[in-house]
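Before anything else, here is the set of structures, which you'll find just below.
Look for subunit A in each of the two complexes below; its partner is subunit B in the first and subunit C in the second.
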Partner chain A sequence: MQAAASAPGADPAHGRPATSKISFQGLVLGFAVALLLFLVGYPLLWLILGALGVPQSLGFEHLQRAFARPQNYAALINTLQLALGTGVMSVLIGVPLAWATSRTNMPLRYLVHALVALSYIMPPYLTALAYIFLLGPEAGHFNRLLQGLFGFESGPLNIFTMPGVIFVIGIHVFAFTYFLTYSALKSVDASLEESAQVLGAKRWQTTLRINLPLVAPAITGGALLSAIDSLALFGPQAIIGTPAQIVFLPTRIYATIGSYPPRWAEASALSLVLVLLTVAGLALQRGYLERRSYITVSGKGVRTQLLDLGPARWLLLAFCMTVVFFSAIAPVGTLTINAFSKSWTDPLSFSNLTLEHFRSALFEDQVAVRGIINSFKLATSAAAIAVLIGAAVAYLDLRTNVRGRRLLDYLAILPLGLPGTVMAVGILLAFIRLPIPIYGTIWILLAAYVARFIPLATRSANATFRQIDPSLEEAGRITGASWFHAIRRILMPLSRPGLLVAFLLVFIPAFGELSATILLYTGGTETIAIAIYRLNDLGQLEVVSALAVFTIVVVLTLAALVNWLSGSSWSSSETPAVRG
Partner chain B sequence: MHAAPDDGALKAFASSAQEEMAMRIGRRSVLKGLAAAGTAPFISHHAFGQAAAGPSEAGQIDIEKAKAEGKVVLYTSLDTKIVDAINAAFTKKYGIEVQYFRGGSSDVTGKVLAEADAGRSQADMVDASDVAGLMLMKERGLLKPFKTPATGTIAKELRDPDGTWIADRLTQAVIQYNTKELGSAPPKTWSDLAKLDGRLVYFSSPSGDGAPRLYTLASNLSWDLLKQLAATKPLRVQTPQIITQVLERGERAAGFLQNDNIAWRSKAQGKPTDYLFPAEGVPTEVGACGLLKNAARPHAAALYYEWWMGPEGQAILVDGGKYSSRTDVDPPKGSVPLSKIKLLAPNHVEYKKDKPKILDRLAATFGGEWGN
Partner chain C sequence: MAFIDIAGIDKRFGNFKALSGIELAIEEREFVTFLGPSGCGKTTMLRTLAGFLTPDKGSIHVGGRLLSSAQAVVPPEHRRMGMVFQNYAVWPHMSVFENVAFGLRLLKVDRTEVSERVSRVLDAVGLSGLEKRHPGQLSGGQQQRVALARSLVVEPSILLLDEPLSNLDAKLRERMRTELKTLQRRTGITFIYVTHDQAEAMALSDRIVVFNQGTVQQVGTPRDVYERPANIFVADFMGLVNKVPGTLVERQGASARVRIGEQTIEACTSEGIDPRGAIVVAIRPEAIRLGDAAPVAGSNVLAGRLVESTFLGNIVDHQIDVGGSLMRVQGDRQQTFEPGANVNLIVPITECVAMQGDMSQ
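Moving on, here comes the complex of A and B:
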């Protein structure tokens, strides 16, 4: 990557801006690249070294020992079951919902669509917390309801089981299958369906024999993404899995480091297993998506036809509303009610209302207050740095022909496939020692957040720059502007809305990050997710609910802003490019 | 800790000046085990050769310097409600803020060790309900020997002879139960619990915070008892605080190895719970604290340590329902004096030595994650 710093080569033949030898440009880009290597490449290297026993020793005995332990096998098998379960579940509920909202005249389609988005945006550990209130074996609201209705002696449903974990994670990750299937169905050309109907096919035949095969790759890809994401979700795995006595790879990794003395080599070895699972899944998913070469699906500007379901549309709506009720309405609702209730086990009534828990969470509890401040600081800084690096990587990729820029692009996308727990182990091993011993400070959390979420910034910056014609900057350079000037006065103003979206796309997950933070925080660097996790451990459930509601409000507000900006950024950045 | 009496330890104990103390704590069996812990040899004496920064005894504390240091950082496994109360009084008296990290004992010990590995200790003082953890810190040369007047009020079995750690509290692991569920026929013994199929709750974090007391129970009574308890398919929760909530809500009928102070508070608050010390014996868990050798704020840390271990700090601890390790501090209001209870002593040396094996055995018995 040295080449990037010293010779960001110009190639006028390719219509890219010409630059002078070692320049300001080289310095800025080189710095961003060095930061990327340092934050992503270096920890990954340590993950491998750690599994080999470095620095205490060097060899394969730690790896062998890690694989010889039955606890680790149990964790692996549970993790695979979880992935399989959530993958299947995501198809069972994601596909019918996507079909209903994209191809039918079912009422309230937009509401269902928005609520699926909400179930995805909500941090999954909050959904898990909510389900302790909803489906706790005895006191959970749903269980009490069922007891009241049908006279069960004890609560019939128990969330603290493997199906419980699969359910709680499934209602979060099914959004992958839903969105992929939704956009695929949206782009199936109606003329195909019409042809089928002309040839005498019934409606349901059209759906099953035309639509379904066309979108099958999207469904499979979505199911794989759901399964891969479920592997990485430490929060719900810990919050539901621990009382259920079910261990998954991320919780197992956490325990090998959390108990003393920490067993670094075993944690690294288990992390590598998790990486292998993820990489295998992603490779499979890529394979499926690449087979999706049907022109009908990728074609632009297709006409879609909404299927008139007649009275059956109400039945379908009932199904869709049931799904989003469990995935979004009930969890958000129960956390909100708890946050305002004196005691969550008492029924909701005027005398049971209070703002006390918000006062506690936002002003009094030492850890909670510190957590909120730290989360804002960290998310803001991480987002700013990630956008800077992401923009530099995107610029190198699109505007220069520097050698190795493809590799750089891969490195910047790589963390997308790495579970937070794994990133944290790598970062811990890398930054606990010289030359950069930042473990035990807030900087290690910043490093982790930038490393984890840099793909979001890079993709977003890439998409933004793509929409801006390079000839605009060239025009600036030809008329005598310096590189820096051209960037500052031409590229930046044009891409500002897009980069703001990139900033928010990093800010939102960083604000509620749990799985890496839990391994890296220390006294004084607690975040909001840590406050929630720790206070939940201490059973202060009402304060936890208040913090959860606060988090959801912040995240939802920013997500709405992204939605609004993405709408406006398309027009504002596209128009000048077209004009240019 | 084995069932067979150890005469040597008993004699050593009887001849000590702490006999009166023993009457208060009550059971020789406790001290026998603790004696082994206190006098066990440690490897890292080299670490104590060099002079530690700041005061090495209470008399050397400079209050002005402590105030200039501005704050003190505590890592603790004590209930936040008690920590907050102790800190508020300390800050009021000296104007020094206390910042703390609160986690389970394993979290606390793990963080101290990991930060030491990074050469970046954050804590000035550490407190954990796991003496084995403090012994490991001492072995790694992380703790500072400190002479405190509290020494005179604490049995010698409850402190490190080198002064690197000292017990601050004794937590008894009791049976807590819901009085609506079991009020008419409450359990009397540990084995009574084995009949409550599907109605029990206990705690341990994934890093094994509940392991020391389970080990104490098993090694003093029998591993078979643990098997019987495990056969009832007890609900496992993360912390003692959650045991009490599960019981208060009536989700489960009884909890085993619950912290006595939490059971005490629940009852005092008028919740439908009660607790008892089974006649077969009750595991005692010793909480202990020590000063970090590389504390960034040595004077403030020592001042806080003296406050924590002194009569005022300990009185606040007792207000929170904990038994003080000091002989001159009364037990919590309305609670049974320890002399009336058969206590089962933890064997910290054995636990520290055999920890991986013990955790494996607990995992085999109860299933789930124990950090092994």
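Moving on, here comes the complex of A and C:
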């Protein structure tokens, strides 16, 4: 490890020279930083340059010209409507659910909580797919049920509408509002409510006048996060919106790049607008969450008081179960039934059962098989690289005083706010010009996944290292261990569970990634999401369902593993601190 | 050159000057304590000595070998020092045995010798039989002993201790204090000990280095630092002290005459006292005797009026008005006075230390 040359003043009796400042440590960390700059910084730079018309020109005319096109303008308006709609919807269903599971004696609270988690973990394009089966205007299960019950001539509900898109995305993103409100309500100490009751407030008055105002910032913050997330969900926007001829910014960007010749400047101009919307939303959300300071968070455990609802608790349960039925049970259920049915339009019966679709999805269909293999390969490598970079960034931030480490940390968190479509445009613009032949290969997907999900690894590694006191490594150094040895024998064993969580947190979304992949894949580099998307276009709906069920099983298993490794429920992600 | 030679060390963190112009010489086998309030630079100095921090200026030599300078720093693992941390820093994923054996294995000591030396050092710190335990199963005191054993087993020439007792309860702290001192005498290892507790510093040290605001205020034996504080900060930090304002009347070498209100007393003085500046005479409350006896040779007598007495069990705490300024006296509990009584304060000249009064601290 002591690679440094002999320094003047070194005592030959000890035989060990003073080290210079360039070391093995510097090389390892430097490599990770270079990778981060190349994968995140460089594409982002190109995104901005591209929107300003570089390399042809430099100015704002591309931005102006982009919005002179009526399609682009419509896409912007539709996107704003979508964000507003899902934001409102997330409050209407997320807040009552959070209140019910956190502060009342409603039965089955844990089941409701787990099903909300399931609707969040499920890739949103699969929810969208399921709703084609459920609410398709002709053959959708619900429509046929309503026809049977009330004698409608045609299906009364149509998913291929703007409310349909808002609904499908809303039942996915409301989880943000739910979880933020849930943990805020959980952290309101009973003494705050009791003080109100002592002064004569009834229980419902306490709820309305003490609890709700206390958690209002969390609700607003959650609604904003839901709205921001809905902007970026290419999958449902394309699967439901495109057949209905409703265009959103991500699907519009996809169309401009897919046109011949690709209109790069227009795509980057649209991307920039999408980024600005996201950034504005996140800034607003951060402002709201900062006002959360008046929720007293003390080191002591918080005592909560559960409201006894009496018979009304069954009514509340009915409401909660309805919500999770539509957000989780029905979509997962319908995909499962389809996957095992010979024909999805036929009623469920024993003679209609088959494993045929799984055979073709997992072994026969070339695109599907290739997709599964590629997704496993890509998710594994992307997660490994992201954890490496994330750990290096977290290490620099927490264990050194290298100048610029804050900026690096910020750069590693930045992609969190970037829609996958935008990240893909940046990567395309940046790598198409490189002499390295990465465009059109699987490597460009790897680059995109690492860039997109690096924030998840960085945050997780940061939380892990934060819980390991630096003196543990210092004790190793002064006892004679080199930097590398102290990392390997002390920091790594202690942070292994945390870094495994970081790995899985990247693997899970990377495995089912669609919005960036759709812009970057070519024949041969299809992933599982692309296989689902393309087979859906080809109308092979049963095989699509089998692939979807496979994806859900993989994702759920890994999510359960994360949950078990973190040793806690979804609401509290604190792991016990490792102290010396 | 001394065994440890610290010369002109400066260290900044951003705009904060953590250390400036530190000069220290420490001999082999000495027990030296860095004492001061939090943020005074004592821990920064210790960590610079350990090689965790690079000084901005100056140099550190140990045994004639240059270890630290602004240009290059020998990394901690090549300094042959041991360190005991405030939070013990015992590795939670290793057993007691593995914790202690860690350093020996790095030195490529063979297996039988490792287990021999580990059990010998565990015996020395009173942990025999706990080899297989994991740190989670040990009390705070036991963990601290593991940390100590882990540093001692590699036979370092210098042991650095960063507030090692501050997380222990009062009783255990006192016992560990005695054990540490015995251990240091027995092993002959040079101990450098950081604490903010002046009582701990006095009980343990051969010499105390008082730090404040990144500079060394005074270096001396516990008795020196307590009885002859170099300035008001040191006088205050080492214990309860009366700071009586006065003016310098005349000065001859180390002795001076100081006017306090209407009265004049004799005092000893530190070097470099400025006759034009305000003067303060530092007098420890327990150095004063109350009585109406005739003046004794070598003592000052000050006339005062008793304001209030508080019975504290082992002593009685008196507040006495001397020429307009209030002085505290710790008196014998048999000796009682009524409030308003006129009393004489008898103070040996050697207990009156005149010093510069206009220091900010």
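As a convention for this text, the second predicted complex is superposed on the first by the 535 of 580 C-alpha atoms of A that agree within 3 Å, B and C clash if a C-alpha of one lies under 4 Å from a C-alpha of the other, contacts with A are read in each partner's own complex, and residues count from 1 in each chain.
As a working rule, contacts are C-beta pairs under 8 Å (C-beta built on N, C-alpha and C of every residue); 3 or more make two chains touch, one makes a residue touch a chain.
What you see is a predicted model, and the numbers here were worked out from it, not measured in a lab.
Applying the stated contact rule after C-alpha superposition, one finds that A:G480 touches subunit C and leaves subunit B untouched. After overlaying the two complexes on the shared chain, residue contacts for A:K186 are found with neither subunit B nor subunit C. When the two structures are aligned on the shared chain, A:I490 is found in touch with subunit C, with no touch to subunit B.
Of the two partner chains, neither subunit B nor subunit C is touched by A:R65. Contacts of A:L472 after superposition: subunit C is touched, whereas subunit B is not reached. Once the two complexes are laid over each other on the shared chain, residue contacts for A:A255 go to subunit B alone; subunit C is not touched. With the contact threshold set out at the top, not one residue of subunit A is in contact with subunit B in one structure and with subunit C in the other.
Put simply, subunit A touches subunit B in their complex at residues 71, 136-139, 160, 238, 242-243, 245-247, 251-252, 254-262, 345, 366-367, 432-433, 437, 439-441, 522-524, 526, 534, 537-539, 541. Listing the residues of subunit B that touch subunit A in their complex gives 73-75, 79-80, 84, 99-104, 106-107, 109-111, 113-115, 117-123, 133, 136, 205-208, 235-239, 241-242, 244-245, 249-252, 359, 363, 366-372.
Of all the residues in subunit C, the ones that touch subunit A in their complex are 13, 50-52, 63-67, 69, 71-79, 81-83, 85-93, 102-103, 106-107, 135, 143, 147, 150-151, 154, 160. Interface of subunit A with subunit C (complex): residues 2, 7, 9-11, 13-14, 16, 18-21, 401, 469, 471-472, 474-483, 485, 489-490, 493-494, 578-580.
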